[in-house]
Each structure stands twice: as C-alpha cells, then as structure tokens.
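Consider the two complexes below, in which chain A is the common component and chain B and chain C are the respective partners.
Showing the complex of A and B:
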C-alpha cells in the first residue's frame, strides 16, 4: 500500500470513529479530571515535603521511609489485614447462604429479597450510630440490657482491643451482605433449570445440587466478588472512624484512617498522607494481579 | 459577686491594662459610605437555629447595612474544622471570617492559610487592647496579627448535682461536697459509683481528647518547667518529655482511675467531647472535665436542669493546681483585601466582639443572654479576652440582669481564678494536637489493659512524638 493511500485510510478510519470518540469524550474528561490526575498528583506529592497542598521540596522516598518506620503504620497494616481476614470469615459465605436460602424459598421471595437489602439502603453513618447504641458498654446499651436478662453483667465491647475489629466487620457485613446476596441471586438465576431437573431425576439431594451445580456455576462470580470485597475492606475508614475513632490504643486503626490522620488529624502532612495512599494502592494492585493470574490460569484449564 | 468583677480584670492573669474609651454611638449613623466590598460570614446560624438567635444575627446584618451601606454581607453556615478548611482556603472559597479553636492559629499562620488584619485593627484603635498572651497565639514571628479572640475559657469540672445528692455528697446549704484534689476525685467517684451505679467521672479518651485532658492532670502532677511535656533545649531543639517521673505518676493515676477506683464511664475510648457532655447531662456520669464556655451543653442541649448543674475548679494534684486556659478565635481567609479586613473589623465591632459599647451592641448582648436563659442554658459571666475594665464591667452588669442560676454553684470556680488560687496555663506550645493524639493512645492503653506498662506506653508515645517534632520543627 502506498503512503498517501495509507494516510487516506487512516484519516477515513479516524473520521469513521469520530462519533465513538465524541461519545467517549465526557467520560474520558471526567476520568482524567477526577481519577487519573488526582492519582498521579498523589504519587507526585508522596515524593515531596509539603506545606499543606503545596510541594516544597523533592525528598525522594523519605515520606515512605518515615511512614513505614512507625509503629502506628505497622499496626494499621496489621489491622487492615485483620479486617480483611474477619471480613472473609464473617462476610464472604453469608451472602451465598442468604442467596441460596432465598433461592430455595417458594413463597414471599420478594419480601425476603427486600428485607436482606434493606440495611444497604440506610446511610452508613446512621448504621454505625445504631450499632454503637447496641454495643454501648453502659448499662443502657442494648446488648447489655439483653444480656442482663440472662444474668450476664454489663460488658464493654468497644474498648476491648481483641473485639473491635470483628465487631466492626459484623456491622459492615450486616449492612452490605444483602446487596452481595442479590448479585449471587442473579448469578444463580442464570443456571439452567434443566440441570436441576436432570439432577432431580437422578435422585440428587439438596446438598448434591449445591455442591455439583450451584457452587461450580457461581465460582467465577464468587471470585470476582471476593477480590472486590478485599479491595473494599482494605479501604475501610468511616466505620472505625465513627465507631471507635481507631481505638482503643490504635487497635482498630486502618491504613486509610492513618492516611486521614496525616492529612487532616492536626499535622496537615499531605506528603505522608499521599505516601500511605500510594502504599495502599500498591498492595491492592498486587492482590488484584495475583487474582487475575489465577483467574486466567483457571480459564486456561477450562 | 464583687469577686466576679475582679475576675474579669484579673482574668487569665494575662492582662496588661491600657485605657480604651467605652464609646456610646448612635448605631444607625453611617460610619463609612465609601467602604465597598463583600464579606462572607462563617458560623451564621442555620435555618434550624432558635428564632431568637437568627433574629439576633439578622439584626447585626441590618446594623451593618446602615453603618456601612456599601458593604455586602453574605451569610455562610460554614463551621470550621482543620480538614474542611484547608481545601477551601487553597481553593479560594473559604469564608472571609471563621472561628477555629486556639489550638490551630499557629499552624494556620505558619502554613499561610489565614489573612493579616493588623492594619485594620490599628485603624480601629484596638491593636493593644487584648492580652499579650492572646497576641502571642494569634500573631506571627513579626508581630503581624491574623486573628482576634472570640472568647476564652478555663477548664474546670461540670458536675451533675442530682447524682451528688443521690450519693449523699451535699452540704446542708445545698452545695456539693466536691473534690478539691485529684485524689478526692477518685474517692468521690468511687462513692458515686457505689451509691448510684453510675460513672463517677466521664473521661472522653477518643481521638485527641484523652491527651488533651491528660495534659492538665499531668501539669498538676508536676509536668511543668523542667519537667514539661515538651520543651526547647539550649540548641533550640524541641524535645518531647513524656517519661519524666511526674508524667509517669500522672499516667499511673489514669490507670488507677480505671482499675483501682473504677470510676470511669464504660466506653471511655469511644467517647468524645459531645458524648461526655451527653453522659453528664443525661445522668450517666457525675463529673466531667469541662470549661465554663460549654455549660450549655449538658443543660440546654441535653436536658439537665440548671439547678442540677454546678461548675467547680479543676482539682489540684500532688504538685500543683493548674487549669488550662484556651478559647475560640476569629480568623480570616488568606486572600482578604484591605477593605475586607476593615469591613470585618466593623462587623466584629457590631456584634460586640471588639471592646466598644453602643446601644446596638448592648441590645445585642441583652438579646444573646435572654436567648440563653430562654433555652435553659446557665447565664454566667463570660471570660473576656479584652483588658478594658469599663467594657468588662458593663458586660457584667448585663449578665447579672439575666443570671438564672445560684451563683454559689459557680463561685469557687470563678474565685479560684480571680484570687489566683489556681494557675492558668495555655496549651502546650508546639503541635499540641499531635501531642494529644500520642498521649491519647497511651491513656487508652492504660484504661483498657489492666496490667499495662506505664513506662513502655509513655516511651512509645515519646519516641513517636519526638520523631514528629524532628520532622516538622527541628528539621532533622
């Protein structure tokens, strides 16, 4: 193909695609302004000594070294993994179970679907305040009132370092499990009824149907939701911030909360705050890459 | 009551008096028709605020329109926090005037996030009227002024008299037998816990509050002078000193309040300032470390009748009797013009925050106190940040007119200040909020782990704060 001909073709191609580009333009502009630019700015800021949001001096990785060398960072990192662990333990299987139970329900399915989704419609802060009254360590705390009927003395739940993270995850699961269950229900609805009919003819029990039909069918969906859950829990912030303020003694401090403290907690050190943000992003990128690798490998086997 | 008059002149033991005329001017006179600008006013009462308060501010606006017809006032509901202010200041959307606490001005000044009003103050003739201590908090190293004191406070204790009565801690005269020392605080708290089942002391130990209150306790254990929590050494380097014997003793006291005397509220580590007032106001706790400027919190806001409320001095420790003196100030957007600065001073004059009195200002003060009384808040003398005797006396006369409490329940608090039996002390000099954050973590450890190692916790906090000081101010 001669050069002018190639140019003409490429010009025609661009012209042909101009409508597509125009459609994408608002999205691209929004992404550039509100996602990519802040992301790159944050990375740049993490390499500078800052005075509020102004960059004062390039200091290389000093912010990263300073941040990671502190006890509160290590504790926040450990806490964040602990949040993730408890979230998987408490919150990963529950939506699947809810979806299966509702799927097996023959009457009032819509009612149950609405009921499990309802907590998700409540504002996050309202949920935290609601549960803080439930777990209040005063005698007027709801849980303490209930336990007092059983003769159990009042306990202080939110001041115990070993209880706070499971409690926060319990609350987050209460709020979010319904929404995830709906996604699983949608996934389960796509399973061909013929499979169930065939299984029934073969005399399969409910348990066999779950193991051999349902779970394999939702495995990929569960994998995607798993990584989304990890990413989401890794960025947990407002729940501990409102419920425990990161305490007691930093026992519920998350990485994102630590980032907030650097930026807005009195020191206005945006450089270090950005360093923490970049570290969180890197950890999540690694986790996503690992997931993608195994997912691709699994697809290859399929 | 005469002691109260003494109080305002001796207040904060900071004042250098110099004369200022108390002028009575006609409020409707046009003062400057040539001043032309627009100012946005933070902390304007929200639509949900009581009608009396809204009417009061509308009145200020009307007076401003008469005196400065070409100045446009734009009400703004903005309420300051450090986190919301910085982006607004950098983005040019901060209100012309806002109200930060006294912990923040130096940080805001050093970061060039506030506007200079020195020349405007000079124009109004009040530059020398507020106490040197306040000037120190609100000026930069060149003596340029970036803020004005709104009001001052002194930390003491709020007490719930209903619980004191139930615990039998009242005299025949109907006055509380209140703790004069920190040791008595622990013992009285124990009696209250035993007799009423309620917390003797609510201690807000979340975020930075725990460290904030702990510093006052530490001062009373001797963490001042050479044993101060932070000090500057001979080379000018700021040094953190949390592991002095005095600080260790103070932290051991905190641990004892929880594990030996068991007088603290159950969820101390999640309780904040508002939560502490709520617990006292609703009868869940008998005592709360709090100041004279927040007496409306447990009463008007949480329903505690004013006759069940008293304000007492901060208890003495084994090494002294100090009380934190602080307050709230007015500061200004970084980009205000010269005309805006003058207009803002004019507005502050109209709302009675500069040491001038005229009919409109007096009417405003009366309306303010009447509104407080109507909503069930104690009307007590405010601690003035200005040095003018005549101005302060005139204000006191208005307070007396609207006073709705038995002043015997407040007398010891105010007398301790006016008679100098308590030493007033401002917050730790550098990076106070970060210092509080580090100490809060140590306090939390003490009150949540029975066998917590005091020295280890303080050492950890000390290392962390020292690193912070080295990064931020020592330039190491």
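Showing the complex of A and C:
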C-alpha cells in the first residue's frame, strides 16, 4: 500500500468514527442526563445540606448519621429485609412450580401461559388498589365475603403488623410470578425430551427425572433470577406507600419509601433522601458482589 | 385432530400408569385453578364497578344488583377521565417514539457501526441495567426542576430514550443482521444515518414491535416520575390521577374501583392483541438482556 492511500484510508476511518459517535450522541446525552449523572449527583447530594434544589453546604457524612440514627430507619431496614425474606419464601419457588405444571400440559398450554402472564401486564398501581379492596377489613371486603361463606367472621388484615408484609408480598407475587414462570419455561424447554426418554428407559420414575434432570438444568437460571428478585424486592416502595402508607405504625415502611418521604413527603430534604438512596445502592452492590463471587466459583467447577 | 407432543417430564408411555395419569389430571386441575386465580380479581373489580357506593360498602355479595353501565359513564364524566386518557395517550406516543429513535440509534452505534471506543459505552449500558431506576429519582427530579421542564411531557418522553434494557435488546438484534447488507449499502454510497433509516430499521420490525409494546405498557403504567413532573391537573395521566386519588381519598370507594377498571382497560386490550409477542418475548425482557 502506498503512503497517500494509507493516509486517505485512515482519514476515512477517522471520519467514519466521528460520524458514528455523532449518531450515538443523542442517546449518550440522554443516558448521561437520565441515568449516569443522577447516580453521581445522588452521591454528591448525600454529602450536602440542601435547601430546595440548591446545595447549600458540604457537611460530610452528617446526612447519613442523622438518617441512620432515627428509629424509623432501623425499622425500615428491618422491614426491607423482612420483605426480602417473605418474597423468597413465597415468591421464589412458585414460578418454578408454575412452569413445571404448565410445561406438562399438552392441550391448553398457550391458554395457561397467557393467563399466568396477564397480571404482569396490568399497571402496578391499579393492581395495588384492586387488592386493597380485596383485603379490606370491612364486611364488604372480598376476602371477608369469601370467608363469611365458610363461616369465618370478618377480619382486619392490613392493620395487623405481622400480616402486612406477607400480604404485600402476596400481591407482588400475584403480579410477577407468571412472568418469571415464562422465563423458567423457556429454560425447561431447552432440555431435550430425549434425555427424559433415555432416563425413563433406564427405569427412572417421573419424580427421579424431575430431581436429576429438570432441576439441575435450571439451577443456574434460578441463581440469576434469585439475585434479580432480591434486587427488585429490596426497592419495594409504592406498594406499601399506596396500600398502607407504611403502617400500621411503620410496620410496612420500606427503605425506598423512607427516601420518598424525605424528598417528597413535605420536608423536601433531598440531601437526606439521597443518603438513604446511597445506602440502598451500597447494600445492593454488596449483594450483587457476593452473588457474582459465588457464581464465579461455581463456573470454575463446571 | 393434530397430535400434540409432550415436551415435559411426563412421557407418553407414562400415561399407562394409573398413578401418573391421576397426577396428570391433578396438574390440569391446578392449572385451571391458576387461571381462575389470575383472572378472578379482574372479574371482581369489574363487577364491583357496577355497584353504587351504598351497595359497595354494605353488600356482601360479589355479584352486583344491576348491570347498568350508568355508574361507569357517570364516573367517567364526573371525574373527567377523558382528559386523563388523552394525556396518557400523549405521554405514551412520545415515549414510544423516543424509545425507538434514541435507543435504536445508540444500539446501532454499539451493535453495527462500532466506532473506536464503543465497547466502553456497551459496558456502561450493561452496568446501568443493574442500577435501580428509583434510586436516582431525586436528582433526576431536581435536574428537571433546574431546567424548568416541570409540568411538561418532554422529560417523560426523553426518559424513555434512555433505557438501558431497550438499548441492549436493539444491540442483540442488530448483531444478528447480516453484515453484507450493511456493507452493500455503504458501498452504494449511503451515509450511516441513511443506512439506519433505509436498511436497518426496515429489517428490524420485529424488535421494534416488541420494544414498542413494552414501552407502551411501561409508559401507560408509570406514575412516580409523572406524578412529580405533571403537577397541573390539566396534564395528569390516568395513572397520576389514580395515584392522587389513592393519596387523598377524596374519591368514593366505588368510583375508585371504576377508575381502576378504566386504568386497566388499555393494557388488557394491548395484551389480548399482542399476547403472542408478549409471552414469547417476556423472557428476554424479564431477564434484562
């Protein structure tokens, strides 16, 4: 290649690169202003005393100290872990079971798939309001109507501190389990039926086939979905906000809800709100790191 | 009748065993029960909408006394829901356009053009998938205030132009397009932007459809940022209206149930039209890339 030609080529290449970056620029600007910058701004704001949208004074970790020193923070932290616990207890195995059940059906499979996915499409806010009428403590609450048929007298559900978190998780599971089940179904569909056939010829019962073929095949997927579920339930916010306003007596107050209260609950304390947001982010980062550490170890064994 | 093959753990010859056959029957019953559980709350809330307030708070029957549509039409006009529907429509259309254009162009850069340094952008986008969106809602709201974009749909539209998941979906799809077609268009003298609009986008109809459906639903259902941004009553979307109802309790319980029905009708219609695309793509969207 002669020298001028090479020069021309590299010129064209640079021009192409610049054009490409210009094409990506609008998207990059939006990602920066809506995702990346707010994240750093969040960290910066948590270190400042704020008045309205102004950063007034750098105050180090004072926001963190003042936020974590309050009783409602400890309560919200404990509640958030309680949400996570109940979500794993109620919501982790259920999609696997749903996927297994639907996977076995022949006729009507697409109907079952569609029905199980339907709640996921509904607006989360509408779902919460709908279920609030379901769990209403009045005689006209749907659950009370149904239970009265069985001779059980009307109960109040959302005012009981020990019931409120499991009920919120039940509602979230009703909405989300079907979508997760479809993901498991896709994972299970990649298992070759010949594997089951071969095992059956060797005398493996249906139960054996589930334990030794199906469950091991989805183990990795289950690990990924587990961490995604933890990350998502840890940010639970509008569900308790709408259903119980965090009550009774802060029994369902979540960390993100506490953040919302600091920012938009009247006091407009954006600095303290950001401190809570940063704490939640840190906890999530630690959990993700632990997950990827174990995940890496597992891949080494494979 | 076409024979449907079994794809599950239970094989055809297992069905000779009576216990497996009984178990299979049990599975079908459980699946039907699941359908009932998924659909019953929707049926109930619609039925509850037919009740007037007195009946709603006192009746212990799920079936309403009359099936006149009058309560629905009254609530619709009294609360002026038509205005909210229009606002939701404006918000949804702009959001979908932004989702397609901005994420599409960014995905085009990462997946096809691949200029020097694009891999950093790809990594950043992948990382932001892990970042929970609600965490940055405070600074985001402050930015919108500083730019004096409050009470406008523009920030809501633009927020859909910055969706890491949509970018990744575009990139994954673009990477499957044959490089020869894009090369050919370049040799024919098309600029990079022309190639995108004339070649890449027409080939990408399936992924554009999927992203549009999910963006429509997400834009319709979103209420936290819209609630903060759209403070004026004239700009409230259906979901913002519903959220305001739920915080202020100025609305009667029966009208509230009808508002819930109004809020659910468009997603349900969307669902029944596109159920195939939705259930097939729930996997890629659900697992986020």
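Quick note on the criterion: the second predicted complex is superposed on the first by the 272 of 302 C-alpha atoms of A that agree within 3 Å, B and C clash if a C-alpha of one lies under 4 Å from a C-alpha of the other, contacts with A are read in each partner's own complex, and residues count from 1 in each chain.
Operating definition for what follows: a residue touches a chain if its C-beta (ideal position, glycine included) is under 8 Å from a C-beta of that chain, and two chains touch if they have at least 3 such contacts.
Computed from a prediction, not measured in an experiment: that's the story for all the values here.
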{"item": "Three-chain arrangement built on chain A, chain B and chain C clash or fit", "value": "clash"}
{"item": "Which of chain B and chain C A:120 touches, first, second, both or neither", "value": "second"}
{"item": "Partner chain(s) touched by A:174 [first = chain B, second = chain C, both, neither]", "value": "second"}
{"item": "First, second, both or neither for A:53, with chain B first and chain C second", "value": "both"}
{"item": "Winner by number of chain A residues touched, once chain B and chain C are compared", "value": "C"}
{"item": "Partner chain(s) touched by A:249 [first = chain B, second = chain C, both, neither]", "value": "first"}
{"item": "First (chain B), second (chain C), both or neither touched by A:286", "value": "neither"}
{"item": "First (chain B), second (chain C), both or neither touched by A:74", "value": "neither"}
{"item": "Chain B versus chain C as contact partner of A:264, first or second or both or neither", "value": "both"}
{"item": "Chain B versus chain C as contact partner of A:98, first or second or both or neither", "value": "second"}
{"item": "First, second, both or neither for A:140, with chain B first and chain C second", "value": "both"}
{"item": "9-17, 27-35, 63-71 or 81-89: stretch of chain B that collides with chain C", "value": "81-89"}
{"item": "Footprint overlap on chain A, comparing chain B with chain C", "value": "53, 138-140, 263-264"}
{"item": "Touch list for chain A against partner chain C, complex", "value": "16-21, 23-24, 26-28, 30-31, 33-39, 41-42, 45, 53, 98, 100-108, 110-126, 128-131, 133-134, 138-140, 142, 144-145, 148, 174, 178-180, 182-183, 186, 188-189, 193, 196-197, 200, 206, 209-210, 213-214, 224-225, 228, 231-232, 235, 237-238, 242, 256, 259, 263-264, 270, 273-274, 277, 280-281, 284, 288"}
{"item": "Chain A-facing residues of chain C, complex", "value": "4-11, 13-14, 20, 23-24, 27-28, 30-31, 34-35, 37-39, 41-42, 44-45, 48, 56-62, 101-103, 105-110, 113-116, 118, 121, 124-125, 128, 130-143, 145-146, 158-159, 161-162, 164, 167, 191-193, 196, 217, 220-221, 223-224, 228, 239, 242-243, 246-247, 253, 256-257, 260, 263-264, 267-268, 270-271, 275, 278-279, 282-283, 286-288"}
{"item": "Touching residues on chain A, where the partner in the complex is chain B", "value": "51-53, 66, 70-72, 132, 136-141, 154, 156, 158-161, 243-250, 260-261, 263-269"}
{"item": "Chain A contact footprint on chain B (complex, rising order)", "value": "81-83, 86-87, 90, 107, 111-113, 197, 205-208, 265-270, 272, 279, 284, 431, 433-434, 436-437, 440-442, 444-445, 447-449, 460, 464, 467-468, 471-472"}
